[in-house]
Every structure is written in structure tokens, then in C-alpha cells.
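Read from first to last, the chains carry the letters A, B, C, D, E and F; within each, the first residue is number 1.
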Amino acid sequence: MSFLGLGGQNPNGPSNPQKLLAAEAELDMVTDMFNRLVESCHEKCIKADYSSGDLNANEGLCLDRCVAKYFDVNTKVGEVSMRGADGNYGLEDT
Amino acid sequence: MSFLGLGGQNPNGPSNPQKLLAAEAELDMVTDMFNRLVESCHEKCIKADYSSGDLNANEGLCLDRCVAKYFDVNTKVGEVSMRGADGNYGLEDT
Amino acid sequence: MSFLGLGGQNPNGPSNPQKLLAAEAELDMVTDMFNRLVESCHEKCIKADYSSGDLNANEGLCLDRCVAKYFDVNTKVGEVSMRGADGNYGLEDT
Amino acid sequence: MDQLNNREQQEFQQLVEQKQMKDFMRLYSSLVQRCFTDCVNDFTSKALSSREESCLEKCSEKFLKHSERVGQRFQEQNAALMQKR
Amino acid sequence: MDQLNNREQQEFQQLVEQKQMKDFMRLYSSLVQRCFTDCVNDFTSKALSSREESCLEKCSEKFLKHSERVGQRFQEQNAALMQKR
Amino acid sequence: MDQLNNREQQEFQQLVEQKQMKDFMRLYSSLVQRCFTDCVNDFTSKALSSREESCLEKCSEKFLKHSERVGQRFQEQNAALMQKR
């Protein structure tokens, strides 16, 4: 996942719609990832019995590790996709 | 959930993009809520055996109560969130 | 599902925002359908044991049939919805 | 709604219509997905069996009636909520 | 971010605020849906039971703490990722 | 498509490219989520185990091949549908 790695030198020139679109797309992606992460880590770490409104120590620790692992999975999947892009398969659009 | 509680007095002035954006955000939220409600109440009330294309009396009644309860849950959750907003936790953005 | 069946004769006239909006809506629908299809056919055909990174022959065949059936379901559901639209029920908006 | 001026209401109305279009399509896609998931389970053939066809028919009919009823109740509850404010 | 010029950063900032608004609302809707799904299972009455009320209270509190913690960790990981580049 | 005039087709083409970008990203996010869900179940450590790594590798590869195949069939079916009209 790259975040706003877009180049661009002159700091006060007119705004470039192309670049803003790319920045928006990247923002959307980070947001989407965050929403899915919230959902996935809830499923992995939070019991649905709701005996208390607090996160217990186990749940808190589980969440911390869950987020770290989610980032690692993101990196790992990115590597496999890149490798695939040079080979004979890849993410396919409609 | 507040719906279009946005103030605004002069009835024929130019349109205010700020207010339209807020109205759009509110519309999106109601739409999102409706879509989730359709899905949730389908899960709670409709059996997946499909022996008939009609809603039976039980299913219909269940749906009516499901919608009423969904609104109450929305209110309740709103209250807890507000309380949290003054305290030491709250809905967090990316 | 109709795809861009929108009329329109003069090939170089000014662009019509109405038609572009309709085209965009149709594009969104096809995209949404594709995403749901990818998800649904993964659930129906791909085992989550991941002993290999390849699709085996069974899985490949299952996917081909899954896509064909998804299109048929789309047509079938469209027919039932149309029938309903003339009768006493129909897809209801917020 | 009466807190937006005339022009804003007009623009808002256009927005509502666009959203309704998208909303309708999203509802339709979710209907297709749900009935596919619930009714189609045999992938030894690429044609729908008569049993699957019959299930799809009932599933779609029921979903349409379901969403119509939920839509009505939703509007009633929403109207009641507006009045309280 | 420093690779966008000043004007672009300003426009981007507006965009970010709009998105955060939508994002916040989506998170709220998902909170309502989750706690409804986990806590409400009795449809013999249209009023929430005291048991359901209590479950909803804890479910919401927990979800809020959950998303706050995940949000913090997410930002830390994201910041670490930015520095590596 | 031939029912849009040249200018409209051009504008539509731009729209298609924007959507494809978003669509690609959504597909990528769903790939990450699915393989995370299916492969990562041990939260006694914050590092991926070698077993999880190996599962993720196969899961991603398989998902990519899956979505490529489904994409091809989808286009064929869509083309066939267009011709019938």
C-alpha cells in the first residue's frame, strides 16, 4: 500500500485534478482498509456476550496484535499480487 | 439521528454548498441505515426455506417489530455515543 | 439488467449530463454485480483450506458454472421484479 | 426540509433522485445475491434446475414483499421521529 | 502529503473532511447494526426488553472502545509505514 | 455504447477509468480481508507464523486466479447478453 507517493514539485502552482483524483483514490483505499480492519478484528477478538462494557486485558492485547498482523497481511498480499502482475495472473477488472 | 436540522432563513437566496453537502451526508446516512435494516430484519424474520412467495402472518408481525426495535436501538446507541463523546472514548476516525 | 440502452442520435452534439448520469448508474450496477459475483462464487466454489495456490479442475469448472448461473439468476429475478412492478408490490426506496 | 431555501430544495431534490436510483440498484443487486446464495447450490450443471427456478421465484417474491413492508414501516417511524423534534 | 502543492493540499484537506464525515457515519451505522444483531433477538414485543437494553449499552460502549483502540494502533502502524518509505 | 455520441463516449471513458481504479482497490481490500480472515487465527504473538505466511501465500494466489477466471467468464456472459438485445 503506497500513500500519496505522487511526486510534484512547484509548491504554489494551480491544482492538478489528476493528482487530486489519485490522492482521493488513495484516501478511499485507506478508509476502506480501516473499516474492514475494524470489522475483522472485532470478529477475531471481541466476544459477543457483552457481560461488561469494557475491553478486558486479553481483548485489548488481541486487538493490538490483530492490527499489527493486518498490516503484515496487507504487505504480504501486495507482494504476491506484484509477483502475479509480472506473471500470468493478476487482479482483473470488470 | 438528526435529519436535516440545519437552520437557514432566507428562502430564495443562492444555494449554499456547505448546507447541501451536509444534507447529502444526512441522506447517505439514512439510506445506509435503511439498507442495513432491510438486511438485518431479513436475517431475523425471514426463513430461508422459501416454501411460499408470501410473507406469512408471523413474518409480517416480526418485520413490523424489527423495524420499531431498530429505530430504538439507533436512539439508544446514539445516547451511549454522546455520553462517550464527553468522556474518555468516542467514535474514532482514520 | 439493461446496459446502456439509452437512445441518442446525433453523434457529435454536446454531451448530455442526464445520459452520462444514467450511463454511470448502469456502470455502477455492473460493477456492484461483478463484486458480489466474485464473493458469492468464492463462497460456493473455493475451499478455505488453501493446500495449494492453484485452482484445481473441480474449482475451475465450478466457477464457470457459477458465473453462468449467476447471470441466469439475475435474469430470473429481473422477470419476477417486473411482474411485481405491475402488480401490488415492487422494490421500494427509502 | 423546510430549513433549506427554494433553490437548495430543488438541488437537493435532484440529489435525492440520483441517490434513489443508486439505492434501487443496490437493493436489486442484494436481492440477486441473496436469492443466489439461498437457492443455488448445485454446480454439476450450468443450467438452473427446476427446483432452483422455483426457489428463486419464491425467494424474489418474498424479498420484494419484505422490502416493501420494511420500507413502509421505515417511513412511518421516520415521520414519527421528525414530529418529535 | 508534502508532494502536493499548497493549493492542492488545501483542496485535499476539504476532501479529507468530507470523507471523515462519511466515514464517521458509516462507522456509526455499523455499530448500530452490530449491536442490533448481537443483542436483539426477541420479536414477541415491539419494545426493547430491559435485558436487551442492558446488552445494547455494553455492546455500544465496547464497540466505541474497540474502534478507538483500533484507530490508535492503525495510525501508529500507518505512521511507521510512512517512515520506512 | 454506440448510443452515446463521441463527446459523451470520451467523458464516459474517463468515468470508466476512474471507476476501474476504485474497483481494483476494492477488490484488493477484499482480498486482504478474506485471506486475513481465513489464515490468521493466532493472536498470542504479533508476528505472522510461518504457517500463516504459507496460508496467506496460497490464499492470495488462489484469490487472484479465482478473480481472473471469474472476470473472464463475466465478460463473455456480458458480451453474449449484449448480442441478444
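Methods note: a contact is a pair of C-beta atoms (placed from the backbone, for glycine too) under 8 Å apart; a residue touches a chain by one contact, two chains touch by 3 or more.
Molecules present, by chain and UniProt name: D, E, F = Mitochondrial import inner membrane translocase subunit TIM9.
Computed from a predicted model, the values in this text were never measured in an experiment.
Peer 1: For chain F, which other chain has the most distant CA centre?
Peer 2: B
Peer 1: Between copies chain D and chain E, what's the superposition rotation on C-alpha atoms, in steps of 5 degrees?
Peer 2: Superposing chain D on chain E takes a rotation of 120 degrees, nearest 5.
Peer 1: Give the label of the chain whose average Cα location is farthest from that of chain C.
Peer 2: E
Peer 1: Mind checking the centre-to-centre distance between chain C and chain E? Centres are C-alpha means, answer in whole Å.
Peer 2: 30
Peer 1: Provide the C-alpha centroid distance between chain A and chain E, rounded to the nearest whole angstrom.
Peer 2: The answer is 14 Å.
Peer 1: Residue numbers in chain E touching 2 or more other chains?
Peer 2: 23, 26-27, 30, 39, 57, 60-61, 65, 67, 70-71, 74
Peer 1: Indicate the residues of chain A shared as contacts by at least two other chains.
Peer 2: Correct list: 28, 30-31, 34, 39, 45, 64, 66, 68, 94.
Peer 1: Can you tell me which positions in chain B touch chain E when the two form their complex?
Peer 2: Result: residues 21, 25, 28-29, 32-33, 36, 39-40, 43-45, 61-62, 64-66, 68-70, 72-74, 76-77, 80-81, 84, 89-94 of chain B touch chain E.
Peer 1: Across the complex, what residues on chain D touch chain B?
Peer 2: 1, 3-8, 11-12, 15-16, 19, 23, 26-27, 30, 34, 38-39, 55, 57-63, 65-67, 69-71, 73-74, 77-78, 81-82, 85
Peer 1: Applying the document's contact rule, which stretches of chain B touch chain D when the two form their complex?
Peer 2: Touching chain D: residues 1-8, 10-16, 19-20, 23-24, 27-28, 30-31, 34-35, 37-39, 41-42, 46, 48, 50-55, 59-60, 63-64, 66-68, 71 of chain B.
Peer 1: If we count contacts the way the header does, which residues on chain F are in touch with chain A in the complex?
Peer 2: 18, 20-33, 35-37, 39-41, 43-48, 52-53, 56-57, 60-61, 64-65, 67-68, 70-72, 74-75
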